[in-house]
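The two complexes that follow have subunit A in common; it is paired with subunit B in the first and with subunit C in the second.
Right, the complex of A and B next:
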């Protein structure tokens, strides 16, 4: 091995260690900065009490619940739609209309979130208000629908990509047995792409949880446990964005780091769960 | 006695886009007989085979001219149901391609997509097909094992069982033993011998001995054309054309 090669290896090793380290450093940083909260015995209050800084209550419970509700609902809306679209683009019509549709979807990933936020406020929110005749329309449902639109391109592109990995062998076998295209999809393509589909879902979930602007603009930002999807709610990201300007010494400000940790935990557990589920099932597929 | 013609093509031309892969092929397949298709690589054997169950339909920009008939009915007809055609004309590929599922599910797949749900009936069909494919004894205790854990030869017989499970009338085999060792190959050949009593077999092979062992008739293809077809014995011992003789004696190809 000559010197050049050695240097290359060191550079690549260094880069991967650095990027792994950064995620850990960020976690450590947040834990350290939120330490005062833990040490003052406020931790349980944070999870159980409501958010009411004036009375000295800094509960994040409603916000965590709000975050999960919005992100999960967005996934629930987006998943079937994305699966359908990717079926169309990847299998039913990959050459004709599907190809153009795919280009369009790729384009969608490049649209800044704030645009989605605008569309949400001016089109979706009034619509939701009129349909359900309840509240302002700034609610979990509106935010989730908008988020669903935001994350579906990621899902669609991921799904389409993973459909391509199904060996032609298997597809030939279905055709030779007289299977139609739907049977091909459900019996062969889906079971063989479970992993890719899971990865697409996780990435999208991460995006849904991590997105700040749409939730901030559309979800209404009220800090109470939501009772229905038509209630307003606040997400962890919106909470951070709203409070970041508060003064540095206040407890309020310090709770932001707890928010950060919660976000961290939510997205990482998503990843771990998905890993686990694909690992266990791999035997079958 | 005149043999019963199960399947035939008349003046069949086939195009991949502008490239003509088959020229004017007229060939009859006798019922409950095995016909071997031989010829050098690239001469169009696989293409021809795939015309018989319309697998070529799936390749874009292909064109078929001429007639293909099954039981005296034209199969390239817009009113014909491709699904039911492929059920009658099964296919086994060169490389074993079981689904990454259990042995049972592999065989039950065909009947299932044809709407059979009854578990007892499925079990019965699976057993019968595996027996027909001469693999039952080797797998009967592990039907729930993943099919990919079988050996290559076993996988190929499993694929044959999968094709048999829908009760085809014709079985197309594209070099079914070329990826297998001599013993596994022998098993497949014995199997073909056995299956002939019930169905019509059309087999592509590069192996002259195999063609002469398993087939009743042999057709020699060259550059997209059918050069000669005859009873296997006659073709191998007394070919009509010099070209055929050169090929079967290994002088070219």
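Right, the complex of A and C next:
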């Protein structure tokens, strides 16, 4: 019995250490492989110059900005919609419609991103071009709208899940005090589920930053600094996908590892920031 | 009576011989008889229509053979065949000396293809000069009005770094000039066609084999990019289509390449809008 328990403990310990270690090992791997870039003194080149490999310029600035713009805009579009949806599903739930609706949302998580990409190219891109009459329609706005649709199920399901954790007697108390639904939502549910909402946002931000195909297919992939949401832009993931077939020995290829590090930093700083903010808010309450 | 019988039978015999000869000369799918296995192909996207048709014919003849075709661009094709991930890596450019030395590649050229500048069919600009083309791609000319078209900004489309089509277009049409950073980047000949067809103010470039009603091939310096003008050497933005193998082709890959180079394969090449080499 004791031996069995020990074995189990070792197995579980090992599994958790391994999975934690892999994240670190990947970071280490990227740092080591991108080392030639830094040792060749290209660091400032990468930070400040534009991307133009034919002329020896390997700046990733416009690409990092493009990534952040697309992901943040996707969050801005998706957040209110998702919050509304989850409120409908989790709280309002008229005639049990919410349950069916939730099934639908769960189904949405199973759609591969390439499908969204196709829909975007043939439906959304022409629409954006016709409405704004500017550019090609392959732009930050189109990619963000499509990404917003992609990440909304993650958000909705997380929000609904966290709404469930609000104790029923809190809700009953609101009803007893004669509060209406809006008051219930804003003064009781939202403050009590801040952590769950934050987690949902972080996870979907990670998805938005990490998704490759939608950005690759719809955002236009140009390497100029985007000036408006109707400009075409390239994301870090699309950059990696576009250059993966470049010559292994070339500097372009080595900058891909720097792209990887940037992605890593963006997503992990998002996580850290969110953790920090939820901690503070909870103290406050 | 006897003579007549003799005549008929000899005629039949002659016909039979001709027919037989015809079958033999087709250089066709018969060589795949009794073969079995998987053939993996990847790389150049201009090659795909021909690859697909050939694969369809071979797999219909012998269902035991499975041919898997993927895109990725010429760079990817060369890299993947070099690393042994695929059996045949297609490229729309010659492999560089470094690549040949590194991987021990063997190139087989089975078609010639032009790269044409294309615009949306609704665009009123139907011809360009080389200098204008270079200025458009470098971002000096940014409005169609300057070229006699509508007063609309030009949306430039280019291809990714792995594209052989881009390599040829950049070298021979743009004279290695720079491409504007505002250019949109698409990842295959098919995607380029879709993008240009969807965008009324676009300009891009595709393999001549991909041209149809959905895009308009611009006359460059007075010469229209067609099969004929490429074949006769008037239209100069052209390149070979290659299939590469690691070392000399063997087994299924060898038979497949021989099939492409044979009469039946070359017929597919012509049907798909490329210029045959044999």
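What we mean here is this: the second predicted complex is superposed on the first by the 281 of 285 C-alpha atoms of A that agree within 3 Å, B and C clash if a C-alpha of one lies under 4 Å from a C-alpha of the other, contacts with A are read in each partner's own complex, and residues count from 1 in each chain.
Keep in mind that, in the parts below, contacts are C-beta pairs under 8 Å (C-beta built on N, C-alpha and C of every residue); 3 or more make two chains touch, one makes a residue touch a chain.
If you're wondering where the values come from, they're calculated on a predicted model, not measured in any experiment.
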* **Simultaneous placement of subunit C and subunit B on subunit A, clash or fit** => fit
* Asked: Does subunit B (first) or subunit C (second) touch A:275, or do both, or does neither?
  -> neither
* Asked: Could you give the angle made at the Cα centre of subunit A by the lines to the Cα centres of subunit B and subunit C, to the nearest 10°?
  -> 150
* Structure fact -> Counting residues of subunit A touched by each of subunit B and subunit C, the higher count belongs to C
* Go through the superposed model and pick first if A:187 touches only subunit B, second if only subunit C, both, or neither. => first
* For A:172, select first, second, both or neither according to whether it touches subunit B, subunit C, the two together, or no partner. => first
* Touching A:95 in the superposition: subunit B (first), subunit C (second), both, neither? -> first
* Asked: Now for A:242: first (subunit B), second (subunit C), both, or neither, which partner does it touch?
  -> second
* Would you sort A:49 into first (subunit B), second (subunit C), both or neither based on which partner it touches? => neither
* Asked: Looking at the overlay, what does A:224 touch: subunit B (first), subunit C (second), both, or neither?
  -> second
* Using only C-alpha atoms, work out how near subunit B sits to subunit C after the chain A superposition, in angstrom. => 52
* To do: Under the touch definition given earlier, write down the residues of subunit B that touch subunit A in their complex.
  => 53, 55, 58, 60, 82-87, 90-91, 93, 95, 97-101, 109-110, 113-114, 146, 159, 162-163, 166
* Structure fact -> Contacts from subunit C onto subunit A in the complex sit at residues 72-73, 75-76, 79, 98, 153, 155, 157, 160-162, 176, 178, 180-187, 194-195, 198-199, 201-202
* Which residues of subunit A touch subunit C in the complex? -> 50-55, 62, 121, 125-126, 129, 134-138, 216, 220-224, 231-232, 234, 241-249, 252
* Within their complex, state which residues of subunit A touch subunit B. => 95, 167, 169-170, 172-180, 183, 187-188, 191-192, 283-285
